[in-house]
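The following pair of complexes shares a single chain, chain A, combined with chain B in the former and chain C in the latter.
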Partner chain A sequence: MLKSTFNLGGIHPPENKKYSEGKEIRNISVPEQVSINLNQHIGRKAKAVVEKKQEVSVGDILGEADGFISALVHSPVSGTVKKIEQKMTAAGMVESTLTIDVDVEKTAEDSKKYEMKKEVDIDQTSKEDLLKMIQDAGIVGQGGATFPMHVKLSPPPDKQVDILILNGAECEPYLTADHQLMLEKTDEILLGVRVIQKVSNVKQVHIGIEENKPDAIKLFTERISATGIQNCQVSALKTKYPQGGEKQLINAITGREVPSGKLPFDVGVLVQNVGTIFAVYEAVFYGKPVIDRVTTITGFVKKPGNFRIRMGTAFSHAIEDGAGGFIDEERVRSVVNGGPMMGKSIRQLDVSVMKGTSGIVALSDHEFVFSEEGPCIRCGRCIDICPMGLMPVNLADDTILKNGTELLDSMDCIECGSCSYVCPTSRKLVHWIKIGKGVYRTWKAKEESYKTDQ
Partner chain B sequence: MNELVNGWQEIAITAASLAGIAFLAGVALYYAAKVFAVEEDPMVEAIEDILPGANCGACGVPGCFSFAEKVAKTKDMSLYCPVGGQELSDDMADLMGLEAVEQDKLVARVMCQGGNFSTRTGQYQGIKSCSAVSTIHQYDLTCPYGCFGYGDCVTSCDFDAIHIINGVALVDEEKCTACDACVIDCPINIIEMQPYDKTVFIACKSIDSGGAVKKYCEVGCTGCKKCVKACEHEAIHFDSFLATIIPDKCTNCNDCVDKCDTHTIVISKDGIAQIKDKLVENAEVNV
Partner chain C sequence: MRELILTSAPHVRSGSQLKNIMYDVALALLPATVWSVYKFGMPALNVILFALASGLAFEALSLYMQRKKNILSITFDGSAIVTALLLALNLPSSSPAWLVITGSFVAIVIAKHTFGGLGYNIFNPALVARVFLLISFPVQMTKWLAPGSFGVDAETIATPLDLIKTEGAAGIEKITSDYTTLDFFLGNTGGSMGEVSAAMLLLGALYLMVRKVITWEVPITILASLFAFTGIFYLVNDAEYASPVLHLLSGGAILGAFFMATDMVTSPMTRKGMIIFGVSIGIITGLIRLFGGYPEGISFAIIIMNAVVPIIDKYTRVKKFGT
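After this line comes the complex of A and B, so read on.
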């Protein structure tokens, strides 16, 4: 089979997937207290609709979508709302957070209503009904960008979407949650694909899987022919980071290039993570909102693996209960929310799991190396490997000089971290470019205000 | 010999013709200057002479010359150069023969004195700059509202009036010219402009509950409301566990300062540093 990949740049960091690869998805016990952030997605944050001391049960709406680009937040547990306060999220921001005291027995009982499979005939159900189900379940992209699903599925009328790409690349080192989900829930994911096929009228479905997951490629190829699903094929991809980036995946599979500042539907493509598709399946066939997700807990922990975690579970509980705690707490240097390339190191372990938490990676003093930022030696490696074809070194320099005019390119940066990874003098290039985006926005706003003044 | 004579003649012709051109050009320029003369207000130059010449832009127009032009044109005495202050306003009014308008002198004040009195979690190892810290929301200070102390304001200050002392920015109020540069550069808006005369202010921005603040900061406002009760002039506004002084009502009576157990209310004339010294002494005694 011809294996494709994106054409610009890319790196091959050590995969380190061996810790949790092939480990069955296990459930993590319900903690005694959960804290639910109201801002778990891109767009306007949800508005709280519950009050202090109110009783809630599994699946109740806690936060209402505020506007179109926003998503519902459901209660993952049964219990009492203890307080609504400003608290730090796993992303490091201080957001309004609901703390719920959990009634463990009632939660187990109430969760049973999501175990009954409903008889749904996709062909008979209307497009609008399916979209409504997805919207009511509060589904957002589970790959990390957390873009509300119903917005992605309703592109502007002048944009025709003809290709759906299922993102099973999982190019981040350490993470194996998507891989395991693909192995265990193959048929369910394919049913989810059929729902999306119906909703967005796509002509062709590609399932993009990197070649370091041969078992998943084989399984999907078999099941597609067995279930007789139409216009669906597996696209095996060469292993390269950041293959799972939306724009890279589109380029690798279709050869199309998303223009600067445009979105995938401008080139007629819809990209969905496999985890998201599985959530769609659950929403349609079980009526289950997003109250849990599959996440990898790996690295410097006793029992690394893939876990089904309820939203709002504290990282500390997840690590203790699921992964058996750290191997040696003294030697832990960093706990990352997400993968090690794009994730953020968290400051304290009481932050909670959100819809976008794709992994919890603990790094020991062996794996986590910190070095001071050195001077640029003009080697140009960051330019060679940039998957977006940017010049990270120039963008960093312009940021330092606060040179707003030169920073338009920074808005195309996908913050994959490849440039910081290859830099021989450990410059924090992605961090500089992130600041550069802010510098560019301020400069742009100033320019526009001058224009309106005149 | 002939060659020599010819030489002298050539020089004479050249000199004469150049002198002629110079004279003609001079006449032309003289008339051009008369015909195309631009009426310039001598006042602009006079005002520019007495301006500080810092070209800082604090007055709202780009540079001192533009400010002088604006003053001369509008004759508006409420235009204010914060660097020159009241003295300059008086001088300008004298120069233009107008009444000076009384202006309040403002100073920048950092509404945080946490720094080393505040606990830290984790270890921030990124770029050492406040804007860098605020873009990724990963910092080591536990208080989500406090001053990071990486000194973006120090680099932005043209007047050497702000420094990082004890891990927190501190303004030298005598040097501060209220140019707003630090206020604009601070990514978390912890620096505020306040009237110089009202020397008492509450150096905290945390709206967390008292218990939470006590856990992470020795000098944060816990919302005990003692200052609100102590103030006879109703000058302390209290909202969501944070007291703030309303400068218009404050009379500098300092009643609230003694009542504050956490030393969050400070008198700027004393210098925050002194109060900090006191705290350090107390801490040493306790140990």
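After this line comes the complex of A and C, so read on.
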């Protein structure tokens, strides 16, 4: 069978999923201390509503959403707020961070309330109620973009969304958390899909899974016919990076192209990651806010696998307790929050797990090779593989040579990193383009402030 | 535990490296190189060794004068070796040492490093050197030895394209009686060291295609447009004009199309641009061969089109997703 994939470019990095593939999701113990960042999503950061020395218990709101495009932050543990300070997050930004001393026993006791399944009849519950449950749970996109979900589910009234795509592509090398979640929680994810079907009123649901996960494709096909869920089908996709990119996935499954500068709902599509949908299921049927998530810890660690980790757990604790520590500490060169293609490398292991932490990947001196940027030899490979049909080499040069509106093209870049990956002279193309995007945004903001001044 | 290294994504890279690309090209030139030594003997080997030694020396010297770090590793990144090898294959086997060294100087120092070094040169360095030598030292540059005859009693012969240019219809008749198409294919004719054997060059070209170092666009369009251009004249008057097959197999058409025009630095970056580039080279080559002052025109054609590459690049931008 000819499997579909996106039209332009794409690469095939070594998958390296074998380390953690098929490993059952295990819980990581509650650490003695957690640190919760108040900016775990795109949009305005949450406002702290607790004070120093205040006692909190599991599920309490720590940070309130500041405006519509923002999300709630809940306490993953019971304990006492020790301090509120500015601290480096796993995403590499310095943000307000709450440090909580954990009462481990009380945490276990308080967490029990999320183990009782509520009787919820989706058909009888109103759209608004379901949306409220999602918003109250502080759900954000768990694929890594961390866009608040209730915003995504509330498109402008003139945009009609007719297709929901469930993103199970997991195209990043090393990561297997979504795959394992799809295998273990198939029915739960399908129930979550029904919730979204109801909220967004979509006609058709596609579950996009790459063909390197045949067991998940088979399982979903079986369960869809067994549960009799309507207008839902599995779309098997040819394995290619970055298939999990929203625009690429839409293109692969529906053939539609999201216009430059527009969003998926402009072509009537809503894309949700499987982990996010599972969070929706937990929010609706258990009333559980986002206090933990499934994450892959893999690479140069003793026992790689897939783990359920509480938010705020330090990477060092997660790696020690879950994955049994590094194979050889002296040979670890890089630890990445997320996948190796798009994730952020961290400087210190005391940063904590966030809503967007889809993986923790340790790279040894063998896998991580730092090389200096060489001169461009104009081979054009970056142009050939760019999934957005851009000319990365030119955009990178533009960042250095140009300013303002001339950098508009770089705003189309999805930062997948394929260009830097293939460059034979190790040019950090995507890095330059990201800087160019920043320069453009600053210029734009300035331009607008001039306008308002006049 | 050592300090973690903080880098911008992606944190893994493909194994693709400049060195691999350049040494792949050098490896692909090996069959033609070996063939040239087999056909033209020790003088050919001398030319190759002189070119390599002087090319690497000039490269190292240029890097030293620019106060670069890692001179040794940049010198041996393969690009200087490819340039030197291509230059050698573009010379007659009778070339004296001073000619080879002058050529290396022009290629490496003038055409490459004064423009900013690897990646910034506008013209293919080996070709600049060849054209420089051809214009400056026409006698030495057109002293072709007959294949298989070397030593003191080596005889000089004219290349097939020389015959066509100087003797016209009579030359074509002479070629078709003297050589079979197989002679052209295997390289039993006179000419530059590396250009005579189409078979050996195609073997290397195939390797480059399999290794994805070059794509089909540039070479195939050059050969196709040269074939079509010369073919039209052949159809009109087959006594005055040589057959397109002869044009493809003689002179530097194959060497130029697969190894010189495909040079990444001096050719367009997009597929569309490569096709425009290739077709133009084919037509200019045909024009020079049939109507120009020189018997062979592919070096001039490639250099002319090298100059146009920035414009081609500007007007052949790829289509952006979602537009």
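Definition applied: the second predicted complex is superposed on the first by the 435 of 454 C-alpha atoms of A that agree within 3 Å, B and C clash if a C-alpha of one lies under 4 Å from a C-alpha of the other, contacts with A are read in each partner's own complex, and residues count from 1 in each chain.
Everything that follows uses one rule, which is that a residue touches a chain if its C-beta (ideal position, glycine included) is under 8 Å from a C-beta of that chain, and two chains touch if they have at least 3 such contacts.
All figures in this text were calculated on a predicted structure; none of them were measured in a lab.
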- Task: Would you sort A:247 into first (chain B), second (chain C), both or neither based on which partner it touches?
- Result: second
- Give one of first, second, both or neither to describe whether A:393 is in contact with chain B, with chain C, with both, or with none. second
- Decide which partner touches more residues of chain A, taking chain B and chain C as the two options. C
- Message: For A:428 in the superposed arrangement: first (chain B), second (chain C), both or neither?
- Response: both
- Check whether A:88 is in contact with chain B, with chain C, with both or with neither, and answer first, second, both or neither. first
- Task: Considering only the touch criterion stated at the top, classify A:438 as touching first (chain B), second (chain C), both, or neither.
- Result: first
- Task: Would you check which partner chain A:370 touches, where first means chain B only, second means chain C only, and both and neither mean what they say?
- Result: both
- Is A:116 contacted by the first partner chain B, the second partner chain C, both or neither? neither
- Query: Regarding the shared-chain residue A:348, is it in contact with chain B (first), chain C (second), both, or neither?
  - Reply: both
- Would you mind listing the overlap between the chain B footprint and the chain C footprint on chain A? 344-345, 347-348, 370, 428, 431, 434
- Sites on chain A touched by chain C in the complex: 7-8, 11, 13, 173, 247, 251, 257-262, 326, 329-330, 332-336, 340-349, 361, 363, 367-371, 374-381, 383-384, 386-391, 393, 409, 412, 415, 417, 420-426, 428, 430-431, 434
- Item | List of chain B residues in touch with chain A within their complex | 121-122, 125-127, 129, 131-132, 135-140, 144, 207-208
- State the interface residues of chain C toward chain A in the complex, per the touch definition above. 1-14, 16-18, 20-21, 117-120, 264-271, 317-323
- Listed in rising order, chain A residues that touch chain B in their complex are 86, 88, 91-94, 344-345, 347-348, 370, 373, 428, 431-432, 434-435, 437-438
